[in-house]
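Next, two complexes with chain A in common: one pairs it with chain B, the other with chain C.
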Partner chain A sequence: MVLGGLLVYPVYQLGLISFLEYTQAQVSGGEPATFQGFGNYAELFGDGEFWRVLLATVVFAAACVVSTLAVGCALAVLLTRVRAVPRLALMLAALGAWATPAVTGSTVWLLLFDPDFGPVNRMLGLGDHSWTYGRYSAFLLVLLEVVWCSFPFVMVTVYAGIRAVPAEVLEAAALDGASQWRIWRSVLAPMLRPILVVVTIQSVIWDFKVFTQIYVMTGGGGIAGQNLVLNVYAYQKAFASSQYSLGSAIGVVMLLILLAVTLVYLRLLRRQGEEL
Partner chain B sequence: MNLLRAQVRRPWRLAAEASALLIAVVVAFPLYWMVLSAFKPAGEIESTEPRPWTLTPSLDSFRRVFEQQEFGRYFLNSLIVAGSVVIASALIAFLAATAVTRFRFRFRTTLLIMFLVAQMVPVEALTIPLFFLMRDFGQLNTLGSLILPHIAFSLPFAIWMLRGFVKAVPEALEEAAYIDGASRTRFLWQILFPLVFPGLVATSVFSFISTWNDFLFAKSFIISDTSQSTLPMALLVFYKPDDPDWGGVMAASTVMTIPVLVFFVLVQRRLVSGLGGAVKD
Partner chain C sequence: MKLAPRLAVLLAAAVVAATACAPQTSDNSSSGKDEKSGTLRVWLFQEVNNKPKEKVVDAVLADFKKAHEDTKVTVEYIPVETRAQRIKAAFNDPKSAPDVIEFGNTDTAGYVKDGGLADLTEEFAAWDEAKDADPTARQSVTVDGKVYGAPYFVGVRALYYRTDVFDELGLKAPRTLDELAATAKQVHAAKPDLYGIAVGGAYTYGAMPFIWANGGELATGKGGSYASAIDSAAARKGIEAYTSLFGDGNCPAAKCAGMGGNDTVTAFASGKAAMAIGGDFSHQAVEAGKAKGKYAVVPLPGVKSGSIAPAFAGGNNVGVLKSTSHRTLAVDLMKRLASKKAQGELFDAMGFLPTFTDVRQQVAAKEPFVKPFVDTLAAGTKFVPASPAWATIDSSQVLPTMFQEVISGKKDVGAAAGDAARKMDDAFGSAG
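After this line comes the complex of A and B, so read on.
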């Protein structure tokens, strides 16, 4: 079984080495790599577009995380309040949304919001308003799709967590006259804190790295790149305009940001006195 | 308490149930629309008066999907990739999770932290170095170039989750098994494996979905040999930004979503208890 651990390690290290490789070797298409030092970073940081994309990514990811968590938790609580049939209906619908591949989900949402043939504009009486044309409406559309496909994970996990809370605790709180909101805030939330930390961190990681939805729904970053997020930006730099080194530099920036998040997460775990 | 609540708060509960049903309908609506559009005849999808039903369902879109492309081949490719990743990562994750929970060795904590950090690494950021790696090994345009990275990237999360399940199995059980004369291997496969199986299912769901949905690796590594393409790529053939073939896209989407749905329905029960077990830890 130690063998098992050793087996994983090379696979794991493979990822690690490849990650080391790209910071050092700024390879450009098989030619001998020349050492650029911080040249790429200087170029990147000097580019106004990079900062614009970075800001958009952070705001967009934050909006996604907050909405996903709010919807997921609210529905998890709702699940505990209803009888079996509505619960099963909601659960199945959520699992369906969860199971939908990102590419599929993106195209379906595009069709729903299509200016000519989509039912949503029809229902809202918006005529042929195009959702992907404006910067903010395009981001909003992608946000809705992201929330739709990622809230089920939060909902199912939090629901499973609430179910694991002993009924007596809730009963005692209710007998003491606590309101629903109060029960959630003062009893459930603290008890569910480890779970909430896990789902929050996972959501941050996932939403910070949204790629498919942006790529498909805004046609690779929107009109004149108005809907680029870091991930798509790196991809476009690297594979569309063959500036692999710049793309890698963006990747490193993303990595550093997420590592910072990891550190916060580890410190939170530590403070709770949890052993790894 | 439940009785009490039922008397006092009946209207509230009804309101909650009504909203739960309503939300379920809203959440399921995109899926319904997808299937519906796949069955609509061409003229009806591209009508400016979209209707939530169709009186003349047709299989035209599906036929177009299966004929025009080598769709069956892509489907098979996707199945091969997802299947190998699920099996390989489940087995490795099981052994590794057992190793890190049941044995104390040097660097154990370091290893655990690394699993966590590995999860945070944006896979997309690694696409560029991986691309060069695959090129150097001559693995571009092969299914292997998709399988290997996916195994590597689904492992950290799988191990991290499985750890909780292995931990939950009392050590006394292990000792009892040894006293009864079971060997280590026997304990591992005949006792521990069935016990953590729900956890394995839950983690498999994650690796299956991430592999099946993968768009980035397929788009980056399968560059010229379209016979090695997977489903997400095939789907986009129908989606041309200026004049998308909506019927084709929706039919292909339906075909692509069904296996995942089937997989989910199969594991649904175990998934909820599995996630519950992982978080209870």
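After this line comes the complex of A and C, so read on.
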């Protein structure tokens, strides 16, 4: 009951506000709150920028999820292959990245890639190339940071999963002459499926909602708003310009998209006869 | 399916519980009370170096307490960065709200629409000092013909330039905007590690004079209804002039497109730019940097030789909250804080320019540094549209987006200005 209340009530408020005209004037009592029906949604869907931002968010989140999973899984496999000391070092490095608060991490990455003082440009001999100026290079930079701070979760979880796989199975595969890649694809991945599902859904949700990295690294959405993603867009609408109802509408849309993605994914798995 | 009935009950219960709670709306009507004693709460902005300001305010309070012996005043200096949240919170919760606040003059219309500021038209008209307030300052406290506060100080921008660089290259301070662009390019060509003039794609207040000097306007209209004029031919010429300063010839787009006003002043102060558009309030920052002792200031030139580009009249106001229960006392305190005497003292302490024309003349005679700024003010300044929509336009970055689209080559001036005009009109329309 308590759990339900804690979960349902905020969502209910979010939904309710998204149907009202609710700006600062309404909050502070300057004007009464009026019911708008789907007015906020109509405004949102009629705005070309929303669709542009939505597309960017989906593509960016997809790229982040794929990169995070690839890096995380590859390093998890690597962890099982190396000796204790390098393993410890890798673990500690990953945990360090994981433990770094997003704002700190973003600021440090930004500094590393700074056009005037950044060591990366100096090492690559790029002069004063600005990474945050171009749309794709800015997204790439943020993607690197997102992957950096979220791969440890994937790595640690998958590593634990691999450890739980009976050694005989792997040995048998190796004796049959299977390559590393073949072992991963035909033996490990199917056995780790439940773990990979959880990790993927987690990553989808995280990366779809990415806020801090974009907000900090591109200065609130990049040159002329080219690096906006949905969450930052919602923040700009709701809090920077006090259009709380429009921000809520974006929130509801995000909620529905994420629910749909998760449901479709679970349904697909079920079709294949896998029970979680 | 054993869970389903239980879930249904739970959901039903949750819905019943939740329907009782609509989103919160606070009752921010005027209290109707006008107590003549008690405690007045005042919120002023915390400046970078706040001590001198506190002294001026303390002197005002000492006089105020002499006049109203059984009244106490508590002053809180709030950080400028979080003022928006603080003041919104004060509007949302009148019980913990202050009686008198300082606020940025571009926020006036928005706060009025939020229902936060008290209408002081009568008190302002009856105030004998108010007749000397300069017209733009008066405009910055006026919404729909009603007055909602007293101007506290004005801030205005002018052209800072490096005298050593100009002497070395045999250049003179530019007398027109075209000369400014040419001079900037000459400097950058001779000294590639210097920006000719530091400009920023997000530096709206530095860009506005270019639009105004070319005869353009941000928006036209009076009172409640405004229409964007940012896509008029004259305004487009101004946008063209400003955005042409970005590029490898002066201020590379990759670096300058994202800069705001502070970044350009920092670039100038740290010796990375030969010119910059800075405010009278930037003086301390420049003095603290490498450029100290090697610069001069002139008014930003207009299109014709000898003319001055109309500057944006920034600055702060002092107002009384609608929810105050000590209206008479609060108004009296506001007048004292923003009086000629206090503004003169505030200038001596902080360098903030007074809003009264006569006081400003006096301080300009005392302090030669402010002369270009006073000249700029005397040449006529402009203000952003006094519409609540301006807060929305400002915070949703309509103008920076427009400049950045042009600078980065994503759109041409016509298309970017057209989009910006549409967004502005949307905002004006929904603000009603």
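Throughout what follows, the second predicted complex is superposed on the first by the 234 of 276 C-alpha atoms of A that agree within 3 Å, B and C clash if a C-alpha of one lies under 4 Å from a C-alpha of the other, contacts with A are read in each partner's own complex, and residues count from 1 in each chain.
Going forward, contacts are C-beta pairs under 8 Å (C-beta built on N, C-alpha and C of every residue); 3 or more make two chains touch, one makes a residue touch a chain.
Predicted model, so just to flag it, every value in this text is computed and none were measured.
J.: Counting only touches as set out at the top, which of chain B and chain C does A:Leu79 meet: first, second, both, neither?
T.: first
J.: When the two structures are overlaid on chain A, which partner does A:Val66 contact: first (chain B), second (chain C), both, or neither?
T.: Once the two structures are laid over each other on A, A:Val66 reaches no partner at all.
J.: Applying the document's definition of touch, where does A:Val197 land relative to chain B and chain C: first, second, both, or neither?
T.: neither
J.: Looking at the overlay, what does A:Val108 touch: chain B (first), chain C (second), both, or neither?
T.: Once the two structures are laid over each other on A, A:Val108 reaches chain B alone.
J.: Name the contact category of A:Ile183: first (chain B only), second (chain C only), both, or neither.
T.: neither
J.: State whether A:Phe211 touches chain B only (first), chain C only (second), both chains, or neither.
T.: Only chain B; A:Phe211 stays clear of chain C.
J.: After superposition on the shared chain, which partner residues are touched by A:His129: those of chain B (first), chain C (second), both, or neither?
T.: In the superposition, A:His129 contacts chain C only.
J.: On chain A, which partner's contacts cover more residues, chain B's or chain C's?
T.: It is B that touches the greater number of chain A residues.
J.: For A:Gly219, using the defined touch cut-off, is the partner it touches chain B, chain C, both, or neither? Pick first, second, both or neither.
T.: both
J.: One more residue to check, A:Gln236. First (chain B), second (chain C), both or neither?
T.: After superposition on chain A, A:Gln236 lies in contact with chain C alone.
J.: For chain A, give the residues common to its interface with chain B and its interface with chain C.
T.: Comparing the two interfaces on chain A, one with chain B and one with chain C, the shared residues are 1, 4-5, 8-9, 12, 22, 27, 219.
J.: Within the complex, which stretch of chain A touches chain C?
T.: Interface residues on chain A, with respect to chain C: 1, 4-5, 8-9, 12-13, 16-17, 20, 22, 24-33, 115, 128-130, 132-133, 219-221, 223-226, 236-237, 240-243.
J.: Looking at the complex, which residues from chain C come into contact with chain A?
T.: The touching residues are 10-11, 13-15, 17-18, 21-29, 88, 91-92, 110, 113-116, 201, 252-255, 257-258, 388, 391-392, 395-397, 400-402, 404-405, 407-408, 410.
J.: For chain B, which residues count as touching chain A in their complex?
T.: Listed in rising order, the residues are 1, 5, 13, 16-17, 19-21, 23-25, 27-31, 33-34, 37, 45-50, 52, 92, 94-96, 98-100, 102-103, 105, 109, 111-130, 132-133, 151-153, 155-156, 159, 184, 188, 209, 212-213, 215-216, 220, 231-232, 235-236, 239, 241, 244, 246, 249-250, 253, 256-257, 260-261, 263-265, 268, 271-273, 275-276, 279-280.
J.: Per the contact definition, I'd like the list of chain A residues that touch chain B in the complex.
T.: 1-5, 7-9, 11-12, 14-15, 18-19, 21-22, 27, 75, 78-79, 81-83, 86-87, 89-105, 107-112, 114, 116-119, 122, 148, 156-157, 159-161, 163-164, 167, 170-171, 174-175, 194-195, 198, 205, 208-209, 211-212, 215-216, 219, 231, 234-235, 238-239, 244, 247-248, 250-252, 254-255, 258-259, 261-262, 265-266, 276
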